[in-house]
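Working notes for the structure below.
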Amino acid sequence: MRITKARLAHIVFESDDWASKTFDIVLLFLIFGSILVAILDSVASLRVKYGEIFLILEWMFTILFSIEYGLRVWLSRKPSNYIFSFFGMVDLLAILPTYVSFFVVNSQFLTVVRALRLLRVIRILKLGRYVAEAEYLTRSLKASSHKIMIFIGFVVTIVLIMGTLMFIIEGPQHGFTSIPVGMYWAIVTLTTVGFGDITPVTALGQFVSSIIMLLGYAIIAVPTGIVSSEMASQKKKMDNEASTYCPSCERTGLSKADYYCRYCGERMP
Amino acid sequence: MRITKARLAHIVFESDDWASKTFDIVLLFLIFGSILVAILDSVASLRVKYGEIFLILEWMFTILFSIEYGLRVWLSRKPSNYIFSFFGMVDLLAILPTYVSFFVVNSQFLTVVRALRLLRVIRILKLGRYVAEAEYLTRSLKASSHKIMIFIGFVVTIVLIMGTLMFIIEGPQHGFTSIPVGMYWAIVTLTTVGFGDITPVTALGQFVSSIIMLLGYAIIAVPTGIVSSEMASQKKKMDNEASTYCPSCERTGLSKADYYCRYCGERMP
Amino acid sequence: MRITKARLAHIVFESDDWASKTFDIVLLFLIFGSILVAILDSVASLRVKYGEIFLILEWMFTILFSIEYGLRVWLSRKPSNYIFSFFGMVDLLAILPTYVSFFVVNSQFLTVVRALRLLRVIRILKLGRYVAEAEYLTRSLKASSHKIMIFIGFVVTIVLIMGTLMFIIEGPQHGFTSIPVGMYWAIVTLTTVGFGDITPVTALGQFVSSIIMLLGYAIIAVPTGIVSSEMASQKKKMDNEASTYCPSCERTGLSKADYYCRYCGERMP
Amino acid sequence: MRITKARLAHIVFESDDWASKTFDIVLLFLIFGSILVAILDSVASLRVKYGEIFLILEWMFTILFSIEYGLRVWLSRKPSNYIFSFFGMVDLLAILPTYVSFFVVNSQFLTVVRALRLLRVIRILKLGRYVAEAEYLTRSLKASSHKIMIFIGFVVTIVLIMGTLMFIIEGPQHGFTSIPVGMYWAIVTLTTVGFGDITPVTALGQFVSSIIMLLGYAIIAVPTGIVSSEMASQKKKMDNEASTYCPSCERTGLSKADYYCRYCGERMP
């Protein structure tokens, strides 16, 4: 059996038969493998021991990804469309760092770019069964993005005022060395993270902090409320879209499980 | 083209043509700029280097804001109304600190007042497209404010009892030096911030803390529940308001599920 | 004007005219005052300075509360009913500690009992306008208490298993000195408080911790979901109770703001 | 009265009369007792004092559980079914560690296995009144599990990218010794636990942290929203199931708002 270009394109771009599914799964393993190697390589003790093996594996992954990238460019109907698409850029960013590291010595920034490989997983999983749920989440978040923007603006205002206040109350001698540090502390506190690297020491500082914390406790409800109510309304909309209507009285909002229209009593088709 | 007083008032107070929009945007930049300068000025290392530039910029901003304030007073139909309005006070507070600092040496409190400049952003953004969403949030929060007040009262009672309890169990030798400090710790714990500056050391103290934490975990649900259900009901109300109208009495706010207009009794189409 | 016993009982127990409202407000101030004194008395530096004044104030508050308690007993129709009621016990507990401290030297436990005075505020505020909202919250919490019990049981199981696991992984040398300490740490982590007094040091410990944290992040949604959905349903029920019905077609669920029945078109009464 | 095998099986497996209920309650006490002994045994100071008593109690519990296990195997209609069922395995795991510890010296791992005894409580409580609520919770969680999986995947991606970023920004000298440690820190921060064992020191690190924290604050709403909306919809479904039934075809699950039975088309009363 000779593999034609059309067959190869099917294997690379689709995911509906044995060969194309295997291609996707192998790719998934390669992506997770390359990320695992990058993670392990950052551990000093492992780097000393297995540094060379990691380098060889990294090059192996890069070459395989390069072949895959070449295939995608070659097999696309309009290569330029693929190259400048979001996933085309991600694919390129997945292989570039290793080649660049050949010229640039010890560039740590490339490690971050390498972590972007994880984004490639999205495309492969997109073919799976999680699409509908992901779309539902995305829709809900998009619908509530305006409200969340206002909320973030509101939070930033509180952070600025509280950060300035604490900088003045506690001062540099208690770790609040500047307004930006005060704002960092205010964010740490308002989000209830509470590292404890900088903490109020004076009575007044602790009193103001208490107010910030209670405030944070109360307003944590807001984004949750926004997203929850948006999700509930999205859910309803999707349920409605899946519902049907009565051809006799033309009323909508009927369940497909109904035998008779609940408004006019006519038998449903 | 000579600019009349009416035209100037339009530029300053409205935001519907090129000139008035530009005025707003320039003002926005000035506000953010003046806040940025105040923030950077608080960083010791930058103050040493650029302290003089910051001072000059601060005076420049203050003079521009003073001119703007003067314009607003002059252009208002009833200047006293503007001066004693909320935003009038904010505008005055935005320029006063710099002048006061001329007489009072090294007054850090003025920096906080300066941070209030951020409030001025609200008025300008009010003209933007986020008003409907902001109103929705405000309405939801107002509707749930009574319930949140009770909740805060309930939290304060727990905080007082738990703070007293921990003060007695752990005592000053473990950092719980007084009931106010115990209450500060209780707030830090109940809101799940958890700085770790004061922590229980005795077995009994850790046991009581565990109960406080589980309590906090359980009651964090309450404000969320309040706001969520309030938002859902606000959303419903707003959806209803937008829904349909009666062609007979031309009243809006009717549900599409209604058979008859609930205001004039006419059969709905 | 001579004050009769009936008039006095009215002043003490009711809250509908000038005299009885004043009585409640004075009582509120006394309660908050006595608590404030107890709090300030715990601050070492203030105790040294004003210790004697605090003692005198404390005795003054206690004598006033004793008179009030005596009045309530005397004015009750069945004194034994009042004495053994919940608020009767609280009123007694509010005055006992001071008298007991006369015999028992330096008993700190009494301070906690004194903090219970805050509970007395509830009765007085009960007469206020917050009753409906408080009832709504209580109803929602009661309706969801069964589910929250299961949830707490589930959390305790996770805490036991995770605490044991971390005790074995990290061991006493990293602060996990026993299973109870491990469980304390698990609660601190699962509730996202995160004091940082005990933290995992080994790689395995940090990995297991990460799983606990993600778990805690996911299950924090459960109590919120329970309370939210319960509140939404309570809200609906209360809205329904407040709604009216059409006397013509006898359908319920109509808003009192409607002019005509939306089902049969009949004019609403 | 001689106890037959059938009677004994009833006592062991059912829970509807005096004897079988007593059996369950005794078993509950034994399970909690054995766990309490394991917990107390881990406290060094108690182990020194009461170590021998704990050992004797542990053996006593194990022997009783062994007898119970033997009874369950003997009384089952198909013993192999019981042995390989989930609870059969748990019952075996509850007694094995003590016997194994006879041969293996000082094996701490067995303590974790012993903690699994708590799972046995589930079976006994299953007979209680909490089943309906537990089922409701389980149904809601199952229905939202897909969405939560996507969400966890999304969180892991953020954690990987942020962990790598912070490892590069802060570096080993500030505690971020490797990417896995950076990821551990990112999880600690994103879940708002915030131990404070590793904290950003550089200005850039604090800025990136602030973004992570605000992100975590915003996305904490997502799982809550998912579970809340799922619970609301489950609640509705269950309410509907309980609602009304058609007197003509005797089918349940009809809404009281329906005009005609949606199954047989008969007019509803």
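By letter and in written order, the chains are A, B, C and D; residue numbering begins at 1 in each of them.
The rule is simple: contacts are C-beta pairs under 8 Å (C-beta built on N, C-alpha and C of every residue); 3 or more make two chains touch, one makes a residue touch a chain.
All of these numbers come straight from a predicted model, not from anything done at the bench.
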* To do: Using just the Cα atoms, superpose subunit A onto subunit B and tell me the rotation angle to the nearest 5°.
  => 90
* Can we say the copies subunit C and subunit D touch using the same residue numbers, with more than half in common, or are the two sides different? -> different
* To do: Determine the centre-to-centre distance between subunit C and subunit D, using the mean Cα coordinates as centres, and give it in whole Å.
  => 29
* Asked: Using mean CA coordinates as chain centres, what's the subunit A-subunit C distance in Å?
  -> 40
* Structure fact -> Listed in rising order, subunit A residues that touch 2 or more other chains are 180, 183, 192-196, 220, 224, 226, 228, 232
* Using the touch definition up top, name the residues of subunit C that touch subunit A in the complex. => 192-196, 224, 228
* Residue ranges of subunit C touching subunit B (in the complex, touch as defined) -> 35, 38-39, 42-44, 108-109, 111-112, 115-116, 118-119, 121, 125, 130, 133-134, 136-137, 140-141, 148, 152, 155, 180-181, 183-184, 187-188, 190-197, 220, 223-224, 226-228, 230-232, 235, 255, 258-267
* Asked: Can you list the residues on subunit D that touch subunit A in the complex?
  -> 146-147, 149-151, 153, 157, 160-161, 164-165, 167-168, 172, 177-180, 182-183, 189, 192-196, 199, 203, 206-207, 209-210, 213-214, 216-218, 220-222, 224-226, 228-229, 232-233, 255, 258-265, 267
